[in-house]
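These notes open a run of structures that come right after.
You will see two complexes here that share chain A, one where it goes with chain B and one where it goes with chain C.
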Partner chain A sequence: MFEAKLQQAGTLKKILDAIKELLTEATFDCTDSGIQLQAMDNSHVSLVSLNLRADGFETYRCDRNVSMGMNLTSLGKILKCCSADDVVTMKAQDAADIVTFVFEASNQERVSDFDMKLMNLDQEHLGIPETDYACVVKMPSAEFARVIRDLSQFGESITFSCSKAGVKFSSTGDIGTGNVKVAQSSSVDSKDATTIELQEPVTLTFASRYLGLFAKASGLSERVQLSMSPEVPLVVEFKINDIGYVRYYLAPKIEDDDGN
Partner chain B sequence: MICWFFIFMRQRDCMADYEMDGDDGNKDDVEIVGEAKKRNGLAVFREALDEFAKNRDQDVTVYSEVPKKCKVTTCYVGIDEAGRGPVLGPMVYGIFAAVEDTDAISAKIKKGQSLAKIEECPPVLIDSIKKLNDSKQINEKTRDEVFAQFSDLDHIVYGVKIISPTQISAKSYQRKKISLNEISHNAAIELIQGLIDRGIVIGKVYVDTVGPMEKYQAKLEQLFPELKFKVDKKADSKYKPVSAASVCAKVMRDEALKKWTFGDNCNVKVAQNGWGSDEVTKKFLRANIDPVFGFPNIVRDSWSTASDLLEKRAVKIKWELDEDDAPVQKISKFFVKQPKTEDNTENFPVSVLKPKAQFFSYRSLTQTTKLF
Partner chain C sequence: MGILGLAKLIGDIAPQAIKENEFKNYFGRKVAVDASMSLYQFLIAVRQEGAQLTSADGETTSHLMGFFYRTIRMVENGIKPVYVFDGKPPQMKSGELEKRTERRNEAQKALDIAVEAGNVEEIDKQSRRLVKVSKTHVEEAQKLLKLMGIPFVTAPCEAEAQCAALQKSGKVYAVATEDMDALTFGTKVLLRHLTFSEARKMPIKEFYLEKVLEALEFTMDEFIDMCILLGCDYCDSIKGIGPKRALDLIRQHRSIETIVEKIDSKKYGVPENWPFKEARRLFKEPEITESDQVELNWTGPDEEGLVKFLVEEKGFAEDRIRNGSKKLQKAKQTSTQVRLDTFFTVKSTTQAKRPAETKKEEKGGKKGRGGGSGYRRGK
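Let's look at the complex of A and B:
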């Protein structure tokens, strides 16, 4: 038996918004420690890792591990039926082929429930090692989303250059070049601060399209954390308040010999 | 009719250099020239068509016999093409050189025209052919008539290059792609070089433009610094030699289409003009598509009319190598696949983080611990 109750259905809506354009279907692995989702997008260029801890839920019960393969379009249809401040409960039997969503309106006058058919998805799990990154940037997620949106207009890829002073995002394309420099903030405490922990300067290039899809998660959290090291995937992490995180991994583009 | 032509034919292999070496074009030339008797001009071209019919995947180039006059007196040369746009059949490039009309030139000089002005639209000795005009403006019968008259003249040289639809498709799909404009330019360059090799005295070359005029002109001038060029829009109606070249090319293309033999796998065996917007052509394409082998070799697969149909009606093809070429790296290269286990896999030891060396990925080599 699996049952998890979340105070705010809006969180679930935002999580879905953050992954539905990268993934068409995904498996939610439920254990007694919480719910995990790990999946690569269709072209296997990026990886999404979602973690929702058990203690972040209002109530959480998971007697045996269940893997729930869901079509995210169908999940979207069901989540359209609830308001952001509804209380949502997910339920599934041990070897179930359906999952039940119960939405209770905050004034308790309306209760609706929806069953969704589950799918058996054959997914491979990738082991993600703990890594010490050469550079970790924390910045407001709205700022990150804006930089990506602005620079995506220029080219297919965006270069991140991190130094002690700040991060420079740049992109070049047919219409010209765009550069955005975000400097390290002087006041570290503020919510809008940009902080950089730097072991060594890093310059990496990534596909704008994927960064744009990651930025869709900026509704989940006010802050975003970018972790980078030479020649390894970028990690874009959004914390989901008190419950977990969603992380995106994206491999850097290989630099051409002539530097283009 | 008096006959004084011999055939000169060359097979060009553009697909790969090593094939070019193996398939010795010069041997073919010698053979054909050796057996050549004096023939009517039309017969020369008919023979070229037969040669093309033997292998429709290869280009064929032919020239008419070079009369002495063209080697001593200045000739004006025109270049034009036929069948650039259609989705069916070969594209044919024509070159036409005619000796200048000295009487007409001196008459014009007497009238006070400057030499530069005369060169703009030079009088040549084909002005006697009244109906000669841009091939698009005269009907098929007139074109054939005009073309037949070329045979009677002893002060002109002409040549055509039949570019196979297979070659056109192959060049636009091969790894180092050659655009249709470039194919056109190369054909023109080859034909000009052909005339130079035959010792023709060239006064000026008039070319109907393909792509930007100025660039094309600069390209030709750089390749042939000793020649004068005029690359122009609608040159086929402005300059007689270009009109004549367009007639040669058009007649050749029409013949090639008419004589096209279709394999047994073709359901509909009419080609007509081959334009993608033409109903007969549309029907032809729809009827002759094979889900695996695609179209017969008359079709230029690279044309969007054809490639769209292939995309829709034929079996989908997955090009795995192309995906490897993409500049974006797969994320799975960086992480180790975990075996599926019942218990929590969180603490599975993982150490590999660097991407696999290219040596292995290019050869599709992976590590294995089990054989079966």
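Let's look at the complex of A and C:
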């Protein structure tokens, strides 16, 4: 038996918004420690890793590990049926082929429930090595989303150059060039601050399309953390209030100069 | 024409060995393309009002059209193709080739009849059957590839075998052909439909040799034997044995030798002096150029050269050729997207349970969608 109750259905809606354009279907692995999801997009360029801790839920019970394969479009249809401040309960029997969502309106007057058929999905679990990143940038997520949105208009890829002074995002395309420099804030404590922890300067290039899809998670959190090291995937992390995080990994683009 | 009914057999028995994927997901991959097969494909398919495309003086240009545009489509999507051409056919194939000549003669007769009767549909059908790749076609295609900066290899013998060798040595990621015998030659990843026209919207089908063997519980030797039983280009097979019997026989006896010994020779006609051993040897040790002697270089296009060849000699429209050349040049300059697989290793794979297994196993909260060949990713 699996049952998890969340005070704010809006969190679930935002999580779905953050992943539904990268993945069409995904398996939610429920264990007694919480709910995890790890999946790559079709072209294996990016990976979504979602972690919701059991203690972040109002109530959480998972007697046996359950893997729930869901079609995210169908999940979206169900989540359309609730308001952001509804209380949501997810339920599944052991070895069940459906999951039930119960939405209770905050005024207690309206209760709705929806069953969704589960799917049987191939799953590939990737081992992600622990990495000491050469550069970790923390910045307001709205600022990050804006930079990506602005620069996506120029080219298919955006270059991140990190130095002690700040981060420079740049993109070149048919219409011209765009550069946005975000400097390290003087006051570190403010929630709008940009902070940079730097071991060594890093310059990496990534596909704009994927960054744009990651930026859709900025509704989940006011802050975003970008971790980078030369020639390894970028990690974009959004914390989800008191319950967990969604992390995106994105493989860089490289110049191939040898003609191969 | 490859192995008779192998694709269907794999689809039925080992659906997990086939994956469908979109064209655009192959960026950054080097792929060996069976050029001889593509040549036929283009000569047959690239047509206008049923007739092959020709230049002003009546020379066929369908193949050039095909090579030019389909290669550009691949390059634009970040695929790095290397074309492999057939060398001389192996001795063993003469029987098959005779049969093909015979079929061609029949088609010619049918065409003559159709022309007399004025049956347009039939003329179209039969003239497609008459297509034969000539030496000029091959030379022109190679000249075009050279101008486009796309590498090609001429195999000493069969192109599929050479493709397989390139793939096995890791020079390329996969082999693109419609001929299933590339698997019999040991190709680990085979792509079908890669050279098809974009308009057909056919998803690429990937075949994984290892998963085929796993699902059939065969060794490579047993798989080769099964392919010979199914019917290959190099020798006859036993009369009266279809895909299902072939599979059962190998499962039971594990080699053609034992089958020949045990089989009821009255019921099934085993060919006399059946050269299955030679066919097997051809699959296992085909005549190939060693991969380390093959150099693959993707260089940029020679725009002026292309214009001279295609526009001046072959009558293509200049702006289209220049445009195509620009696309090749642009693709050359853009940086390559890397995949996460290169950084992270797959720890575990959980296969979607097939309906039949789900009944047996009571584990987990999943159940099959019921019926069909089970769920496949990447649709």
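By definition in this document, the second predicted complex is superposed on the first by the 256 of 260 C-alpha atoms of A that agree within 3 Å, B and C clash if a C-alpha of one lies under 4 Å from a C-alpha of the other, contacts with A are read in each partner's own complex, and residues count from 1 in each chain.
By our rule, a contact is a pair of C-beta atoms (placed from the backbone, for glycine too) under 8 Å apart; a residue touches a chain by one contact, two chains touch by 3 or more.
Note that the coordinates shown come from a computational prediction; the quantities given were computed from them, not determined experimentally.
Undergrad: Which term applies to chain B and chain C once both are placed on chain A by superposition, clash or fit?
TA: Pair status: clash.
Undergrad: Mind working out whether A:Lys253 is in touch with chain B, chain C, both or neither, as first, second, both or neither?
TA: Touch partners of A:Lys253: chain B and chain C.
Undergrad: Quick one: is A:Ala207 in contact with chain B, with chain C, with both, or with neither? Answer first, second, both or neither.
TA: In the superposition, A:Ala207 contacts both chain B and chain C.
Undergrad: Contact-wise, after the overlay, does A:Asn42 reach chain B, chain C, both or neither (first, second, both, neither)?
TA: A:Asn42 contacts chain C only, not chain B.
Undergrad: Pick one for A:Pro233: touches chain B only (first), chain C only (second), both, or neither.
TA: In the superposition, A:Pro233 touches chain B and chain C alike.
Undergrad: Is A:Pro129 in contact with chain B, with chain C, with both, or with neither (first, second, both, neither)?
TA: In the superposed model, A:Pro129 contacts both chain B and chain C.
Undergrad: Examine A:Ala183 and indicate which partner it touches, taking first as chain B and second as chain C; both and neither are also allowed.
TA: neither
Undergrad: Return first, second, both or neither, reflecting whether A:Met1 touches chain B, chain C, both chains, or no partner chain.
TA: neither
Undergrad: Which partner, once the models are overlaid, touches more of chain A's residues, chain C or chain B?
TA: More residues of chain A are touched by C.
Undergrad: Report for A:Asn120: first if it touches chain B alone, second if chain C alone, otherwise both or neither.
TA: So A:Asn120 only meets chain C here.
Undergrad: Pick one for A:Met68: touches chain B only (first), chain C only (second), both, or neither.
TA: After superposing on A, A:Met68 lies in contact with chain C but is clear of chain B.
Undergrad: Running through the overlay: 109-117, 307-315 or 343-351 are the candidate stretches of chain B; which one clashes with chain C?
TA: Stretch clashing with the third chain: 307-315.
Undergrad: Shared contact residues on chain A for chain B and chain C?
TA: Touching chain B in the first complex and chain C in the second, residues 40, 43-47, 65, 124-129, 207, 232-233, 249, 251-254, 256 of chain A appear in both lists.
Undergrad: Could you list, by residue number, the parts of chain C that touch chain A in their complex?
TA: Residues of chain C touching chain A: 21-22, 24-25, 27, 30, 80, 296-299, 334-353, 358, 362-369, 374-378.
Undergrad: In the complex formed with chain C, which residues of chain A make contact?
TA: Going by the criterion above, the answer is residues 2, 40, 42-47, 65-69, 92-97, 118-129, 156-157, 205, 207, 232-233, 249, 251-256, 259-260.
Undergrad: Of all residues in chain A, which touch chain B in the complex?
TA: That would be residues 31, 33, 40, 43-47, 65, 124-129, 131, 207, 231-233, 249-254, 256 of chain A.
Undergrad: Going by the contact rule at the top, pick out the chain B residues touching chain A in the complex.
TA: Chain B reaches chain A through residues 327-338, 340, 342, 344-345, 348, 350-355.
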